[in-house]
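Naming follows writing order (A, B, C and D), and every chain is counted from residue 1.
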Amino acid sequence: MSATPVSVPPAAKPAADAFRLEGELPMAGAPAVPMFEIETLRAKEFLPAAREALSALIKDQSENRVIGPVFNWARRNSLFPLHWGLACCAIEFAAGFGARWDAERFGVVPRSSPRQCDLMIVNGTVTWKVAHKLITLYEQMPEPKWVIAMGNCATGGGPFRTAYSVVPGVDKLVPVDIYIAGCPPRPEAMLDGILKLEELIRERKE
Amino acid sequence: MSSATLYSVSYALAALILNVIGFIIPPIRAPITNVDVVTVLAVLIFGALLLAASMLNTILLIWWERKLLGRFMDRRGAMHVGFAGLLQNFADGFKLFRKNTFQPAEADTLGFYSGPTAYMVTSMILFGILPISSGWNSGSLPLSLLLALAIFSFAPLFIFVSAWSSNNKYSLMGGMRSAAQMIAYEVPILLAVVSVVILSGSFSLTTIVYEQQNYWFWGPLVVALIVFVAAMLAEMERIPFDLPEAEAELVEGWNTEYGGMLFAFFMLADYLRALVGSILVVLLFLGGWTLPTWVPSAATSFPLAGILWFMLKTYLVFGLFVWVRASLPRVRTDQLLRVGWNRMIPLALLSVFLAAALVTVRCVPVFGCVPSAGA
Amino acid sequence: MSEMWINMGPQHPMTHGLWNLRVKIDGEMVLDVDPEMGYLHRGIEKISEDRHYNEVITLMDRCCYVAGFAWEHLYILAAEQALHIRPPERAEYLRVMSDEFQRIGSHLMWYAAFVQDLGLMSPFLYGMRDRDLVLDLFQAYTGARLTYEYMRVGGVRNDVPPGFTDRARKVLDWLDDRYREYDALCMGSTIFRERCDDLGILKANDCVAHGVTGPMLRAAGVRRDLRKDRPYAVYKQIDFDVAQADAADVTARYLVRMEEMRQSNRILRQVLDWLDHHPGPMMADNLPRWLGAPYAPIGNEGYLLKRSYPKGTGFSAVEEPHGEACAYVVNEGALHPYRVKFRSPVFSNISAARQYLVGYHVADIPPIMGSVDVCVGEVDR
Amino acid sequence: MEAADLERALRPVLGDRLLGVEPFEGTAGRVRFRREGAVDLFRTARDTLLFGHLTMVGGIDWVDHREVVYVLWSDTARQYAILSADVPADDAHIETASAVWPSANWHEREAWELVDISFDHHPDLRHLLTPDGYVFHPLLRSFKLHEPEELEVKSRHV
């Protein structure tokens, strides 16, 4: 990584003056330190560096009092859940996207690729055999991301908690934000869980 | 009002901005208020305005598709974010803008980032070329139709680059399907367009629209219209030809590994292309911004009437695409290619023959006489 | 592109559940497949050994979550045989009614998932919409949409509420119209026919050798339906036809399932008429005390009776929506069954995957597996 | 088809390897046989008695021995038949049925991993339901289930 942090003492950089503008824009109180020390910036390293700089810039903005709420609003109103079905709750999950409940009203659209998801709805029993795949899927989802444990099995093992092959609660594997009770929960309960998550996102100011 | 008016406005805006800057920083006032600098800035502002308009239209188009699709499916679609869900797509966009972007471990960095960007940029350039109303033909060139189709056919390259560089088997299969499909359907599109060109005698989109003053080309060239619409569906990768993104077998197709803003680029560019496709159908076959001669002139005389009718036609044509999407299953790759080579191209050739015959005979029984085409 | 293995699953839109189809492909052609199951293995057979006879019913609903009633019925038949209990006739009619509604519900779910595999978007929602009407009926007399716990060893939990049969008839009338609509959307579509004809062929001999049953077997021209061949409950007194087709391809399976739904409507009309005119008890009266009445708590007296209750082994087979399901229940005189073993139809249907997938395109895998109608819950148990 | 018919057909082929045929409600009968006669019995059942369909294979752990249960279906007789063989617990193996009925393949894999009955000459004896390398056989009586809370308490004491 060629970009060094800002905390490097200014005296150590005579080359920095070469990048000064001729016109000398008035920058009152600004330290005479360039943001990045440009050494050998190859193309392969440029894009990650630019990406990090950009994401740092954006991250600062989320604390901004003006822009922060806009992104918070966008996030909580556009939750894309992962399209998968574990067990019984998956049927009610599908029914929730059917004509009667239509979760798309709230901007909830299932996506098949974890890269494009914000929300993992664990809709069914999690077994130890699928546990590491579930964790992989969770890690493939980009930040910020949330998890809903839908139904008793995902919450605590449900009727299968004593079984040898069942994870007693998905919170043993990934952090869970919302638990929905029911075996299986009705589609209304699933929608309610999603709306509760929206409230949670609003309260946490994420 | 026309594009010239809009350009004057942006020129005034550019001059104002530069003068204000010059007023604040006196030493650079003289160089930056030079007429060349102002012109460059004015062109930039003009382009930005056009771009903003096309983006807004694209987002509205996504909303239109979601609502329409919802109705076809006996449900409502997005409705809680903004009035009737109008802000839903803005929420999606803002959210994706702030998502963590990352690349898979083994992905090729350059291709992974440049593919979607180039795809997006080439789709946006198209809006500088298309005329949208009389007077609103800022980028109109003598060969604008050819240029539009040429830029339109860049897409498979960038799709394949991004699919290949994301190092995912599903992406790769999707990219290969996409390349095969788009290349196969370029030919019928061009042949269908050839018959329009023969009939109108011009490669300029503006001229083609004006040639349709007497009658719209869909009547005599109905075969070409069918071929063009079907091939456009394949070019836009929509059902029944959405094999590259066939969700059932390829997860998300060539954008499986893309998340965050890069995914938003793909989505946006897809719909930009859909908008361009609809616009091309309207321009080539449905008379562009003109209305039939029997319509009272009051309908076309108020300001911005041309744009209004044009947008209305575009959205209706896109509604047709949505209707197709709601009611047809997906075809298979070999079937798609077979239809492309065995049915579309002969039909398009037939249409070229018909158009040539029409130009020779000069008169169509029902639609009247062909204007001075090719003369 | 050379030969390569791809994993379709466990998270993949094609699977409709949690399993992994490993596919060896060359370009777009499928060279070999290897299904990997067990991602939803919940040990139902083991848990059942620690449960009272009536408590196992809870697991049965979750075993196959789209055909809960069929699995309840399957287990109940075996348990009743093992415990030497006969249910009253009205309870049997109610079970048959539940079974047949469940068949419609399951087939509608299949229809929704299957057309989605083909890229048909709207019929998915139509199927789900009409399935909700059937689930509303379940809700009216069991209180649940998917997991009912309605049947009991020795009968059923409760009678249907007043006015239920009329409401059910209205739903059947509505469904009769919808079947026509579905056919128009699928069989009327050239693309659908182009995609599904001569696809995923599994001839009758291969079906029998690989244990494939249900609509897949009937689509291969074998007229085999346990409701006719080995009538359980009251199917002997009901008039219906066995759906059958000869082409053995995906279209044939589609046609068989559509016809089965129509036949289920026919069965249901007869059952509803019977229920209107024959009131009666819901539970058998010779039940052992420890088994419990529908709502009675299970006390300790079971342990007292433990030694004196006769042993027995129960075997049952029902025609589940997916095919032929069997249960084998061993009663050693204890409160809990000694061993419960289930035969899931989808288990065998998937195990023959190599026979009907190899040689087709990658794009053909979703419709073929859709026509198999996979329910992973009952495969992994 | 009755139990007596089954015995009449099977006795000449199997001899003393056939332990007896007992009636079983709802089926043609339950054939008890020694595991040495497995292959002959399978072939006779399929080819002579026309039980073309192997419905399921299951194992039962009786602590001192294990029982393998086969359920067959005949399309001509429209009846089920049950075959059962006892194998000792310390040497639980039997000849595979998948050479005769391919459908036995997965059922035997399941019985192998869950009840620890090994099937000789099985083409593909791998884990099916449990993860690869799983060492337990959950459906044995010696395998006890616990409430998950108990496990946590125990680990805390350790």
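The rule is simple: a residue touches a chain if its C-beta (ideal position, glycine included) is under 8 Å from a C-beta of that chain, and two chains touch if they have at least 3 such contacts.
Keep in mind that what you see is a predicted model, and the values were worked out from it rather than measured.
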Co-neighbours of chain D and chain C - touch as defined: A
Interface with more contacting C-beta pairs, comparing A-D to A-B: A-B
Label of the chain whose CA centroid is most distant from the centroid of chain D: B
Distance between chain centroids, defined by C-alpha means - chain A, chain D (Å): 49
Distance between chain centroids, defined by C-alpha means - chain B, chain D (Å): 64
Rounded Å distance between chain A and chain B, as computed from the means of their C-alpha atoms: 32
Separation of mean Cα positions, chain C and chain A [Å, integer]: 38
Residue list for chain A, restricted to those that touch at least two other chains: 98-99, 112, 129, 162-165
For chain C, residues contacting two or more additional chains: 12-13, 38, 41, 43, 46-47, 50, 125-126, 129
Residues of chain B whose C-beta touches two or more other chains: 73-75, 247, 251
All touching chain pairs, where touch follows the definition stated at the start: A-B, A-C, A-D, B-C, C-D
Touching residues (chain side chain A, partner chain B) in the complex: 23, 25, 43-44, 47-48, 51, 55, 58, 62, 70-71, 73-75, 77-78, 98-99, 102, 104-107, 111-113, 115-116, 118, 141-144
Contact footprint of chain D on chain C as seen in their complex: 37-38, 41, 43, 45-47, 50, 81, 208-212, 222, 224, 229-230, 313, 315-317, 324, 326, 328, 330, 338-339, 341, 343, 347-348, 351-352, 380-381
Partner chain C, residues of chain A touching it in the complex: 82-88, 90-92, 94-95, 98-100, 112, 114, 124-125, 127, 129-130, 133, 137, 159-160, 162-166, 183-184, 186
Residue ranges of chain A touching chain D (in the complex, touch as defined): 128-129, 157, 161-165, 168
Touching residues on chain C, where the partner in the complex is chain B: 1, 4, 6, 8, 12-14, 28, 115-122, 124-126, 129, 185, 189, 191-192, 194-195, 361-367
